[in-house]
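My questions all concern the structure below.
Chain naming follows the written order as A, B, C and D, and within any one chain the residues start at number 1.
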Amino acid sequence: MTYVKDFDPKKQTINELVRQMKDTAFNARKLAESVDILEEMINDKKCTKFLGLSGALVPAGMRKCIVEMIRNGWVDVIVSTGANITHDLSISLGKEHYLHCDPDKTDDVEMAEKKMSRIYDVVSPDKTSITFEKNIQKIFNEIGEGDFSTYELMEWIGKRIDDENSIVKAAADCNVKIIIPAFFDSILGLQVWMYSQDRKMRINPRKDLDYMLKLHFDMKDNNETSGVFVLGGGVPKNYILQAVLIPEKPHKYAVQITTDNPQFGGLSGATLSEAISWGKLTKDSKTSCVNCDATIALPLMVSSLKERFFK
Amino acid sequence: MTYVKDFDPKKQTINELVRQMKDTAFNARKLAESVDILEEMINDKKCTKFLGLSGALVPAGMRKCIVEMIRNGWVDVIVSTGANITHDLSISLGKEHYLHCDPDKTDDVEMAEKKMSRIYDVVSPDKTSITFEKNIQKIFNEIGEGDFSTYELMEWIGKRIDDENSIVKAAADCNVKIIIPAFFDSILGLQVWMYSQDRKMRINPRKDLDYMLKLHFDMKDNNETSGVFVLGGGVPKNYILQAVLIPEKPHKYAVQITTDNPQFGGLSGATLSEAISWGKLTKDSKTSCVNCDATIALPLMVSSLKERFFK
Amino acid sequence: MTYVKDFDPKKQTINELVRQMKDTAFNARKLAESVDILEEMINDKKCTKFLGLSGALVPAGMRKCIVEMIRNGWVDVIVSTGANITHDLSISLGKEHYLHCDPDKTDDVEMAEKKMSRIYDVVSPDKTSITFEKNIQKIFNEIGEGDFSTYELMEWIGKRIDDENSIVKAAADCNVKIIIPAFFDSILGLQVWMYSQDRKMRINPRKDLDYMLKLHFDMKDNNETSGVFVLGGGVPKNYILQAVLIPEKPHKYAVQITTDNPQFGGLSGATLSEAISWGKLTKDSKTSCVNCDATIALPLMVSSLKERFFK
Amino acid sequence: MTYVKDFDPKKQTINELVRQMKDTAFNARKLAESVDILEEMINDKKCTKFLGLSGALVPAGMRKCIVEMIRNGWVDVIVSTGANITHDLSISLGKEHYLHCDPDKTDDVEMAEKKMSRIYDVVSPDKTSITFEKNIQKIFNEIGEGDFSTYELMEWIGKRIDDENSIVKAAADCNVKIIIPAFFDSILGLQVWMYSQDRKMRINPRKDLDYMLKLHFDMKDNNETSGVFVLGGGVPKNYILQAVLIPEKPHKYAVQITTDNPQFGGLSGATLSEAISWGKLTKDSKTSCVNCDATIALPLMVSSLKERFFK
């Protein structure tokens, strides 16, 4: 057993602050443990690293944190909700700009009239969507027709984006796959639906699963490992965790940031311990779950990791 | 303004209890308001009724409540996570049985050794999955090859199930569509993947979206309405809400049971008011959100509705 | 291990509904277990029964549920926040009436101007407080001067109240003690402060603790037991649990309804298992914690208990 | 309306990180706003600053953050649960040491046998309590007999403590009052109870309220202001907010860190907007509420403030 030590709010770097949190308790301690696990995962040269994205991370200003992780080689495969990718592309292709509002005072009926869509304390003007729509359709036209996995489509799109801060472009640049299991559950999906009214663009989610499973079979054959960093929960969490079931090759590392709780039985809030019973993790897996808004935890964690790897 | 009245724990029916809750406050009041809205929605003969399923409803014993809603004609389209449908089919085809455990005392490592998968205070023995696997593959063989929307596949499966208590069978019996936007994010998806190693069974999620959008365009043409009952949140919530965006035909009714909160910015916890700013609902939509574990709220609500419709 | 059984929303009594919940999972199951434990506690003739009150139970219409428990002999000692008792007395002495509002649309600045105080979706008009103030001061005048434990003061007040639905009167009628550990943290406390500007009314919280500890020493001497039903958490939860530490006589039963969570380290959300490590409970104590808004759980639980005891 | 800006995880100081969070969203933005409000409050020379303490802050290693605030003159009056003060004194007088444990794997029955009391992922050995008991009784003996407000008693104790890191000593050194409204709801209260078995030490909570109210009447007379920083909620939050009601002198600043939510109607989770309807705050008050574990938010906020005031 180790001692709790008082956090000392002295002058120090962000990483030093995080390291001090390791000696405190509750979620500060878990945050610091999570960074240690991520550091070890990144240093594990034989580890394939999965990143799960859910929640409105991009509208909340978390885009650069994700791009940083991609460009630093800390991620190999992203599994995302359609919304996060749509938000990313809306900025790159639609000049989307998110504005602050006061959630307690904003009148949603007024917002509807002004064509402003609200996400808690953020609103986005619908007018940018016209530009986005025009530009994404142009890209679809360049891509043409075919039968695509979501990661293939994302790669094609990524290569046609001129925005260094884009998650989709960064992933394409770094050969990081982006898989969107519920692809049509997003504005991007609706755009593909429109395009494919008279063109043959098919989304084939089976190819995504082929890729995921092949990855794990290969890891098993080559005695390699895998790790998971889940922001939020939802489909991305389940998809990344279940992919190990067929090859029976549990993840070695698992870190989650969530605001959900175990006692309601849903997967987003389920403890990582539960995943051991399923064979998705093992008793030797290194795991940590931080109960915290990702807008606070993620900047701290990425900043801390950056300090560790780029002194 | 109406008065708060003290809840009187007298001898009464469940519906009377719920009606009394309408005069109290906080989430009891919201639960009762939700039942009123659902009642109105069901009575609206021109209303297409969507049901969103997320969270481990079936392992938690909520299956009959959902079947009841289907067989009573209270649902037209179900949008579900893959897990709930897999759980439903596992019971019907795999003799799946869920057992209770104490979440504070259960050792997940021991569970893994005993091949018992845990969902909070419920465990399921993995051995049933062998029977499930055999039987679902047999059904796939009967279905043969083709290009399927998820609702078509679910209908084919439903027609081959001999279990009156099955959600999938009830839906097939009653011509209720089941759409699974993240189909491959489930054990059922993994089974289709296996089957399609040497057979041509393709899941085409675009056809699901075709169906959803056509429904809303038709409603618009025919001046009809739609309503939403969301258990949990996640992909089903978003998928049902976004489908109105292209036809620009907002839902008229929206009820949600959730344990998530607005202040973290995620969709599952977002207020229904936010959806007004997006044009998914309008200021005239009737909405209510209950912050409660669905295992408590759903039995109360379905029992109350049943009393109202089958006196 | 017992089986999960599907909840059947058939025609049945509230108690039958609760009994069915016992076979489901998550918080429905815990709610049903809690009722079983409370039933056993009530049947335990040698058990002193504590009730902890926190959260705005009275404004939310939970007053009669509490009075029912008192008048049925299901409670021996109440430990409460000052607010719940103030709210109870405001109705009895001030003709307080609570009104519904829509929390998402209510403008608190406007409420302040209209002298309406808000508690989520409930508002109370400040004008009733003038009547309350006049009447409570009249009662203080009748009581006169002295050195009071809070339970003595509450008893004196209770005997002077003409309202069968009052918690304070019911407690006085049934010789149930009401202890308010943070007495001056309430409008009632402010009223005593005003009264005692020129009269000698002293609140002596030590006498409350004398009473609590004597109870437990007596139980120990007489080989009797004790049990706890906590609505919410806070000071009442801690006060009831800590009272067993000096006599070293842990509670035998403990049921909590809370909306707080363990992972933030606070007492309100702490598991009842933690209390075992402190010696407040033992491994043989029967415990259950329901994560649910008390406005939903309490009416169900009291109705169910009533059916069991008054068939 | 201002723009959301992506958080850039570049090399920067903690204060720069917090300032960047101001341009993001959700709780990161609120955290940054809270620091801005606290900075303004500290700079307001006519402002009396209240600090509310609830939750297990000291066992979680937050003691130095609180001491730092006291010694920097950022606090005038502390209102605390008894537990936090007991924990502080246990370290100073009992050589209390808190140890880490894994909450998912710790057996509370075993902990009880080993005499280790658990607070989520922290345990404290009971044996230190013997030393604490001996030393606190010695201090009581030095103090002698009398009728004490809790702030007077805390001051007497604080002057007899030889530990620069103690909250109680720091407060005594800096003439910061510590008020404990539910004094006997704590181990410290139990110790006073023991001492006063044969000595006349009386706790008089009315004197605490005298002090609080006089402060606000004086502020009103002198046209001064007040501000609130609440860690957690509970009695300290209510006590600090209600004290303005009699003088009718609302607080000008209010910052809260909480993990509780508004929709359950309890005070701990109530929005600060609700307090406007009560007259505890006004529409011109500067307010911000961060939904976050205090172990993460507090170190960030105190570090950020320190950088601003001690460049």
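The criterion applied here is as follows: a contact is a pair of C-beta atoms (placed from the backbone, for glycine too) under 8 Å apart; a residue touches a chain by one contact, two chains touch by 3 or more.
This one's a predicted model, so the numbers in the text were calculated from it and none came from an experiment.
Pairs B-C and A-C differ in how many C-beta pairs touch across them, and the larger number is found at B-C.
Once the centre of each chain is set as its mean CA position, chain A and chain B turn out to be 26 Å apart.
Taking each chain's centre as the mean of its C-alpha atoms, chain A lies 44 Å from chain C.
Chain centres here are Cα means. That of chain B falls 36 Å from that of chain C.
Annotation for chain A: residues 25-27, 56, 59-60, 119-123, 261, 263-265, 273, 291, 293, 295 touch two or more other chains.
Taken chain by chain, the contacts link every pair, so each chain touches all the others.
Remark: chain B residues 1-14, 17, 20-21, 23-29, 31, 59-65, 68, 97-101, 104, 119-123, 165, 271, 273, 291-293, 295-300, 302-303, 306-307 touch chain C in the complex. By the touch criterion stated above, chain C contacts chain A in their complex at residues 25-27, 261, 263-265, 291. Interface residues of chain B, counted against chain A in their complex, comprise 54-56, 59-60, 81, 83, 103, 108-109, 111-112, 116-123, 181-187, 189-190, 192-194, 196, 202-206, 208-210, 213, 232, 234-235, 238-239, 242, 245-246, 259-270, 273-274, 276-279, 282-283, 293, 295.
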